[in-house]
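What follows is a group of structures, each given as structure tokens.
The following pair of complexes shares a single chain, subunit A, combined with subunit B in the former and subunit C in the latter.
For the complex of A and B:
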């Protein structure tokens, strides 16, 4: 072990993360520049607390960078700067709306938004510090399921949940409000990753083939039906298409990612579509939302007192006013849109930064998501692949649902834009997502002592616990189902295995074989019959 | 799993591409349509949120933007709203703009092309753009005199400077208070607007430039001009002036005012016919001259052509000569039938006669100055052509002097000043009293002001009204105000 480490060390020094520093400086310039412009444009001077808040933003980014250097030196260097840029732009707009005044349940509050981001960063990077390996999370697969489902149901509990703007996706505890769906998103991604990595073979292979589609066995459908029911319950009881779409889309995407069965996508979309159409038929408030989406300019929908298209139309006016290059910070009238600082921050930014600015924002999200997916591609374990893929896809889906709602691709929903919109839950939850992405990307890029499978086969000394756990490395290509015991019985054994990476540091041989997952590049291809 | 992850990445690409397309669609392709949607208040805010330039008369702002505490930043205020309403127009969130506020909007708002230097300077110094001030040609004393003299009567007064076309006074009654429409309280503004819109007396319409009246006997100036211009007549030519004139091709008798005879002999000079405003003489003269001669002469005085002063004044009309029957021609020659004029047009006739026959284009904006008081634009006087020859003009002027000296317009006399004028009493229907007209200019030898006055339905005198009794004193008051000013 030691001899190996010393042989590897000189070639693979910890990265200095200079690219990240450089990109962070650019990102901070965008945010601090926004702060300054907002004050200069509206008041003719730097806004109050400009230096303090700019310093806070910079210090937060610096601390995050240092944590990464110390605890995840190989993590992706683009993720943090992109998130800092999006946060800075979002805070600038919230600040701008705070200065000018705005329409909403509560006023725009940049201090609150910064606090929430700060708490989010602290929690996220504390998690990054503690969680040395993302595979630890696999232990909590079913705990995560329970947490996720409870979080989804919370807003429905009388006295706790509250309906805002027709959507019941909020929980109030004292003066604090939470959008549990944001956290449920993470819990469900963990659960799906853990569940699917264990069961993907059965899901993929067993079952009848109907009309050319490989359908799953009925008894494997249990969790899927459960998620479907929960999603539709969210849709109907919480009246929020966005959250429902987010959960269901997340599950279907991860299911497809795990099993490579396109039949799942077809089945999932059919189920969801049928559910949504039925809901639209059965519930008038739902039909009202569809009407507003399809015909926002019709006077009968624009002028009606409840559930009018006023917000949609004001958002469109705002974006149109921005045009190609925008009015500039503080020069537009984004405060005319209800909830410009939260649900509608995209339209508000469109007015002041124009199509150019929105393109930068959309591409920044795309970059973030693709970095997450890249981590999924390069990480070695199946759980990590599914978790990174799921979290990245959930982020993409959330951005799509929010912006798609504002730009009328889909009906408007109650979700908010990650990192930009005012709202503690969203900020907190998405920083945690970022921490997980960074953690997975770190382990994806961390140089392995045994990067090539052939080396293992060639007789590298296998650590002691391994044979007990999943058999010899040679068994990887063995029979399809033997490596996939039921998750319940798997738990104790996995706990032993999970300790391995902690103890062995750079040696990843044991971690390769945790649970059921063999070297991921090979195994699914054998079974699914496809080539990557 | 990497194959499927890559496919998810492709799906993500498609999703984000859709977002970029939809965003581009809204911000680029749909932007113009969305920006011009009447429910989009941004254009209004952009317009109403600026420090709009004042409208100035004799150094005093009659319309100005004062800082307001509301979301609009500036409130438009009209110092003497009703007095100047036909000129300023209104500037309203609810009903839009009219008058100078509309016609000179680019300068008032500071967005005119000519103001680019100032805009660049504002851009560099970061100061807010300020509108330019628009100075009117109006003589405040004449405007006030016209307003006071018209009193509670419905009607209009227009005064012009004959040599330039400058509008010295323009009053219309009943009118409106533009402050009622300019209020940012949109409910109040809307209520006020609807009330004005539904008022049967149309207070929102400027009678001076946008109401058609039958000109009555004031049209005899044009008939006489056509006669003299034709070469067969001069002011002393004796023409038939019967007690009644049977309209050609009918059995209808056209009487004189009050059924009196114009002359014991049944004929009189053109000047005498003008002096006492003899209907039968001018009706027959018109028929003798023919429809084309009258129509052409009317056109040379500006009929058939709308003018922008710079807000628009509607064209006055003379019937199509092709389809004008002789009896209707006879009526047209004395300003009845389908002849329709604006008070501005009648003032232009007097002004052209006063100016040796040359018709100057009327205008109300003198200069436009930017925020630094530099002149950005100045209206140059321009001719609309020669309406009549100088000698014709001089003969018409002589006849008009006689009208005031010893004819129907004696109430316009001013001691020490020779006033030229022509009265008119225009029938509309038998049920309502006639409109009383007076038009003229003074001093006759060196004209400084030409006026037209119309008082609807006889004003305070009702059916007893004539142009001489009701309208001439108003004209006199305006002329005095200009000459004494």
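For the complex of A and C:
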């Protein structure tokens, strides 16, 4: 229950973010060291543009750090360095593949990757600058839903979408290609958070209980059925198992987070399993994937022309060649894996950094996800909790799907490793996710605004507070979040609000957490002000 | 570049990566320990912030040195939560503005208040729907609360402890 003390003293100084500086230096050393070693081992000298690119990386990190200091001084100090390290390692590997000169690696383009990252950073930190409070996003709950669904459907529109390597997930606008699903992920997380904060009570508490599982009522199932259909449509029409799994997993996880009913997980897994099995039966594309996953070394699968297990096998050989400590930057042969710069960057890194390096990468993702979940735990409003938890879970799921596919835990699907793989959409979208996480963690760790409210209450007559009927499900959706301290709403509620019927068992906030309400010493003032 | 240099660089790079991860973990741990140190400090400061700011900087305020020092939730969804006591009252309920926000369907938004007066802590019901109970007895007016006595608020039970 550390959240109890997270309210800290209101007079506390703004944090200096020294830990972040320290970690950033280490992270930059990782990225720049990667650049340098790639050049030294392949060309025997520092690569062209080494100084320019290292400087750019450093400058970007510095600017990001300064923006955080100015705009989100309490934001988590580990998130940014971790992302910088992952980006640095990813770029080093893309660079390494680019200058390997191998034919298959022709599309590897570190300049493009850096450009996309840079645009991502600019957008993310502009968002962080503009968006002072994540709860502002809640107003766009249904807009986000529309945006998300449109983004999912976009690649299916003839002329706009295009099929590449069997998956129809791309949109081409002029010379630029986009994977709208990456952005849909964020939009849907916003929508789910807003929707569930409003409706979680009905989802959690109404409905029959069967076999110890609290099942939801049939009519409350509407949205989950809708999302299930959409994710299946993605699966069938775009032939993209990864994205479909990501959306559906995100929704089920957020439902669970909102209602703490394990029945949703059982239900969700059953539905997804049924859908996936049916799809596997119905579409040869999936059946091929599964065969390749289960028997990659069988000659009949390895040698076949379409959907062969060549990539999986090369990835496995690559990681095996890396062994414990890897071959070192530039010494392995990761360019033999198809798409080593995007989908298979994990295996390529496995060859050159070994298990030791891969562990660092997985741990870095773990840290990132943990910080996201921590922000979700300690932030004080339900929307922020759900959003941070959902985004962190989506990140975790994406990493699992990618790494699981490469290491043959699950069938291979076409998702990209956040921050590392080459791919503009993914980089952009994940930087936005980071901005949202930072924003939420800032409001989670910010000392509560109690002194301000204390002054209001003690001074002039308190402005008319809306009677917030906490406890009645109808009003639950509208205002309760705004009543949290950081919103600066006037604390002393009218007594009428307290006397409102509590409809026992009706309204609950399963994920609301215990009070991180600030220093108790201010409370008497409040009450005094209220009475006067 | 010689084989040896390269091997050293290669291993050095891995060491660097691990130093990063371990430092990050250390930052997280420091975060935790800072928090708890701070909250301990705050429970001390809580006393100092009252009438005589300079009087008790280091030690907890005298009246409470013998009295209860914390409020513990002994049953209910938040079971195990403790709250350090200071000289101010503790508001308990479901509203996010309460000092102890209960995640309990059966408690009111502002359910009860536990406050000190003189050397004694009192519990007062704030017009809750389901009432506040000590044992079988409903709390209708502020009554003194001794340490170790459970107060039933919704499905939760809280008590003062030394």
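Worth pointing out:
One rule holds for everything that comes next: the second predicted complex is superposed on the first by the 432 of 532 C-alpha atoms of A that agree within 3 Å, B and C clash if a C-alpha of one lies under 4 Å from a C-alpha of the other, contacts with A are read in each partner's own complex, and residues count from 1 in each chain.
Throughout what follows, contacts are C-beta pairs under 8 Å (C-beta built on N, C-alpha and C of every residue); 3 or more make two chains touch, one makes a residue touch a chain.
All values reported here derive from a predicted model rather than from experimental measurement.
Of the two partner chains, subunit C is the only one that A:33 touches; subunit B does not reach it. When the two structures are aligned on the shared chain, A:256 is found in touch with subunit B, with no touch to subunit C. A simple residue count on subunit A separates subunit B from subunit C, and the partner touching more is C. Once chain A of one complex is fitted onto chain A of the other, the partner contacts of A:354 extend to both subunit B and subunit C. When both complexes are overlaid on chain A, the residue A:22 reaches subunit C alone and has no touch with subunit B. In the superposed model, A:336 makes contact with subunit B only, not with subunit C. Touch criterion not met for A:104: it reaches neither subunit B nor subunit C. In the superposed model, A:313 lies in contact with subunit B only, and not with subunit C. In the superposed model, A:77 makes contact with subunit C only, not with subunit B. For the contact definition in use here, the residues of subunit A common to its subunit B contact set and its subunit C contact set are 44, 354, 363, 370, 520-521, 524.
Touching subunit A in their complex are the following residues of subunit C: 1, 6-7, 9-11, 13-14, 16-21, 23-25, 27-28, 30, 32, 35-36, 38-39, 42, 45-46, 49-50, 78, 80-83, 86-91, 93-110, 126-130. Residues of subunit A touching subunit B in their complex: 44, 253, 256-260, 297, 302, 313, 316-317, 319-324, 333, 336, 350, 354-355, 358-359, 362-363, 365-366, 369-370, 373, 376-377, 382, 385-386, 389, 392-393, 396-397, 399-400, 403-404, 407-409, 520-521, 524-525, 530-532.
Residues 1-2, 4-6, 8-9, 19, 22-23, 26-27, 29-30, 33-34, 37, 40-41, 44, 77-78, 81-82, 85, 325-326, 328-329, 331, 353-354, 356-357, 360, 363-364, 367, 370, 380-381, 470-471, 480, 483-485, 491, 493, 495, 497-502, 504-510, 512-515, 517, 519-524, 527 of subunit A are the ones touching subunit C in the complex.
The touching residues of subunit B, when paired with subunit A in their complex, are 1-9, 11-13, 15-16, 18-20, 22-28, 30-35, 37, 39-42, 45, 126.
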